[in-house]
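Same chain, two partners: subunit A is paired with subunit B first, then with subunit C.
Showing the complex of A and B:
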């Protein structure tokens, strides 16, 4: 395997949100990286901090109440957190772009599709309107929109959800970004449309060699799309590994629980497994493992000491006391 | 589009017809006799009866209404003022210009101040600017226009001497009355714009615009404002009706020779043709403004099509 450099390198990122006078760490010291041309899946339940992490990369955390309290977000070797707003604007939509969960509401209803793609092109490129128009139509063609010249003049309400998400992808890729953050891009779509959008994203990734940070709670989508996976729980990374290991040799009880909750077509069961309990509100667990209350393999130690990220093998880490002695896992951070 | 406008204009006819009936009954059933008011006790019973007869007051109401409608629609004659004996239509046309300029300028102030302050308040929510803005709007909404007009006159005309106290003739005469009239409406527009902008700011497409790397000023003044204005325009249209009413008071305070003072004089002397013509005119204005508001939707909201 050739050494590819990291496009994105997040270290010890902590994001706090103020709520009723108290500051809670919604994201608590997470670290991960994305290599050039790689698709990284970020998996977790709602409220685990996935979306906040992605917004922090874009510098779009609503502040107040949110703020980045600690850590670095290095993009191509430069810490984005040091960037001024004006410099950050040159990164957004240009070098890093983002597509969102809700295609129905993510496009501005009063502007034409063409105008909304042109906007990002004109912001980041030296081109005139007619060049932008040609490029927009080209982009619409690229994301598989039929009759692009006509759709160019249409308004969002005239398009279906799947078509709108294609337009969002066109906007996202218009300036050939190095990193595309996709925040649950298929969650709001019908299953058949989901498959179409995923195929489209995979095709485009091969064509453009853009790195993708794919945020989802759907492990099926992860298997389909990703090279590596970060599993997040309550603002922390609990497991990080390549996608094969995730499905064949998962370690963390939470990951096991997630995998166990997927119905299998080959087995007939009375009742689908589910992880008991609920995600604790961010910042409410003061000591010990955050998953302890819901864990099937909980030990006394889990309630008193924070588990560190342990190295299982090269490129596979897991935050669980189960593996502290037996595997001889080396502590990576605490 | 043209079809839509034509249909709406035709739809106004029955509404205006009903308004003529209401206006007619309103003036004729209100206690007070125009001839007694005008001549008082100077005339004897016989002359009084003669005058009533010649004005047609002794005919049944339905006959009087028929005559009024016949003169207006077929002859284009809105009648003569009992007081001045001049044609109502001439006088209305002459004064209409004054009121028109006054209300348009007031609306201009109202929208200019209202939308600007509303946006600033919303984007700087809970800041000092926002709080001062919100307190000012409550104050502006609570102050009666005549008093506010007198205060403006006292400060800017009497004390500072920047503007003439009252009267007409130049553009400078128009500043104080139009500001007085526009202020109350501005306050309503501020509150409406603020809440509308706050709502739109939470929309996903605002986040999309920011994620494109767009400047915050463009996000607010283009992406947000275009969407936030849709409800504001509706409300501003309705406020225009309120403005016509307010103009009556403000014209009186600043001795502005518009329709307002004409209407008040008309009501005081039970000058039936004047009152009827003005009620009809104000209603028509209101209908036309509503039509303009509906047409403007088409430009603001692409989902609206006029079929």
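Showing the complex of A and C:
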């Protein structure tokens, strides 16, 4: 075990949603952790459960129809699932904060930018209004907003998409959280603005030493930002490793397929590799590997038995029967 | 294959008036497309790239006459579209079809797939129901959908399948030109690869010409023969895909390419990051549109609008850096 402390520790987390009388596991027994100062990427396609996982950390799963059926979410050693709503409110936006994909809709259109940053500060700190105002302007400056004193009095509609996302980051970091959850923060932005925002997040991480959980479907963004990566498919973790191994020695056929599917700006190939079929709906595969239908290397065993998460090497795990014997992988769970 | 130009766009301008007051007086214009020219040869794929608000979608809509063209000439198969009578224009539209970005919004939720695909056939005078069904079935095979899907509604399909329906609808009249406006932007990566491969196969099988509008440079590199880079309603650079990606000349193209996320953590690079946002097309800079963000701007750029200059056989650029 390494010396650095885990900020977040998720163990066997299962989240069910009720749909048409049936309960489906949208997230099914996932475990991972984030160390202090680390950026963890959570990658997967729509419906793989990555956003639901992040909402559960914030205690924001709509219930009903959703509920956490099993597992623990430990934040600095305390299980967040045991927290009462009142206690959770002290954590949210203060120790853990979140920035969302849509900078257009996640700001309140009827309040000024300043008021929205002040709100977090006043809620979580013993601070008077003028101190909050100074701190807000300082935050706006930190995230690279020009003319912060003026922008402070502006409304969200007066700002461009990139500027709004900067404001969201300012709100997210205002209370110096230990963990920042970023759910596709650059997906709605243009490439040049995306590059600005990613750069900003990297700089801020160095300055504040915040851990980041970076949820994205864009592997390019993962290559730029993350230290370690968790690949999710249909509610399960299928591979977990450091970022270099993910790109240069990936093991799971799904990870390989994802990497092959991306057109590259640096070379021209005639045909893209494509994973056949569709992303399955969560909870529909009852037995065997969830990726079996779409996998090129599928074996009879894959349809009948759930593959366990196998250890490839220190810090690299993969959920696939291909590696059950020949790699000498030891089972981590079953 | 001949290399005749299928579509020629000359000095296209599309301005949207901004009206104010009770009498709706036109105060000013949004210059969405401001004097651009390009041509697409038969059988090739031209990628039209740029950031949001640069006028790339408006250009696509202008070509199909879905938005009124303010000025300029659009020549399709040798005919000037603006001079055609309404009925003739409708006839020509058969040869140019659009595929839209959002497969969730571009299909009517109250129609079955069969109705959706039958509509263009009806509009263009295929009267026999038997023939329509035959062509619909054939088209479903072509785009890789099960024939039974014809009786289902759009909401029953996933994003990738819906985009296949959108492609089938565009193809069913055997068009020559397909204008695809961000057709894969809303899809997951694994599905995006399937649709891109499908578009490539269809081009070969049906001799299609594509105008591919996209903000995703990696996708453009994969699919296109030539690329046109737009900025704030104007053309910044055009050229073969090879030249644009290997030897971009316009400072905007250069920074745009640098902004693409790396494809492997081992290629970490130091990059110039563009400052600021795209300015408003209501009040674009006087000289070069890019002047406010350009790292290499000099005096002349502020008051003199650059024209496209031919740099070599395959590349044109609108930048004063290359103007003697």
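By definition in this document, the second predicted complex is superposed on the first by the 329 of 334 C-alpha atoms of A that agree within 3 Å, B and C clash if a C-alpha of one lies under 4 Å from a C-alpha of the other, contacts with A are read in each partner's own complex, and residues count from 1 in each chain.
We adopt the following convention: a residue touches a chain if its C-beta (ideal position, glycine included) is under 8 Å from a C-beta of that chain, and two chains touch if they have at least 3 such contacts.
Remember, it's a predicted structure, so these values are computed and weren't measured experimentally.
With the two structures aligned on subunit A, subunit B fits next to subunit C without clashing.
Contacts of A:30 after superposition on the shared chain: neither subunit B nor subunit C is touched.
Contacts of A:262 after superposition on the shared chain: subunit C is touched, whereas subunit B is not. Residue contacts after overlaying the shared chain place A:61 against neither subunit B nor subunit C. By the touch criterion stated above, A:171 is placed in contact with subunit B alone, subunit C being left untouched.
Ranking subunit B and subunit C by residues of subunit A touched puts C first. Of the two partner chains, neither subunit B nor subunit C is touched by A:309.
With chain A as the common frame, subunit A serves as the apex of an angle whose CA-centre rays point to subunit B and subunit C; its value is 70 degrees, to a multiple of 10. Least inter-chain distance for subunit B and subunit C in the combined superposition, rounded to the nearest angstrom, is 8, based on C-alpha atoms. The interface of subunit A with subunit B does not overlap its interface with subunit C at any residue. Considering their complex, residues 45-46, 160-163, 190-196, 198-199, 217-221, 223-224, 243-244, 247-248, 257-258, 260-266, 268-269, 271-276, 278-279 of subunit A touch subunit C. Touching subunit B in their complex are the following residues of subunit A: 58, 60, 89-94, 97-98, 100, 102, 105-112, 119-120, 123-124, 155, 157, 168, 171.
Considering their complex, residues 51-52, 158-161, 188-194, 196-197, 200, 215, 217-219, 221-223, 241-242, 245, 255-266, 271, 273-275, 277-278 of subunit C touch subunit A. Note for the complex: subunit B touches subunit A at residues 203-205, 207-215, 223, 226-227, 300-303.
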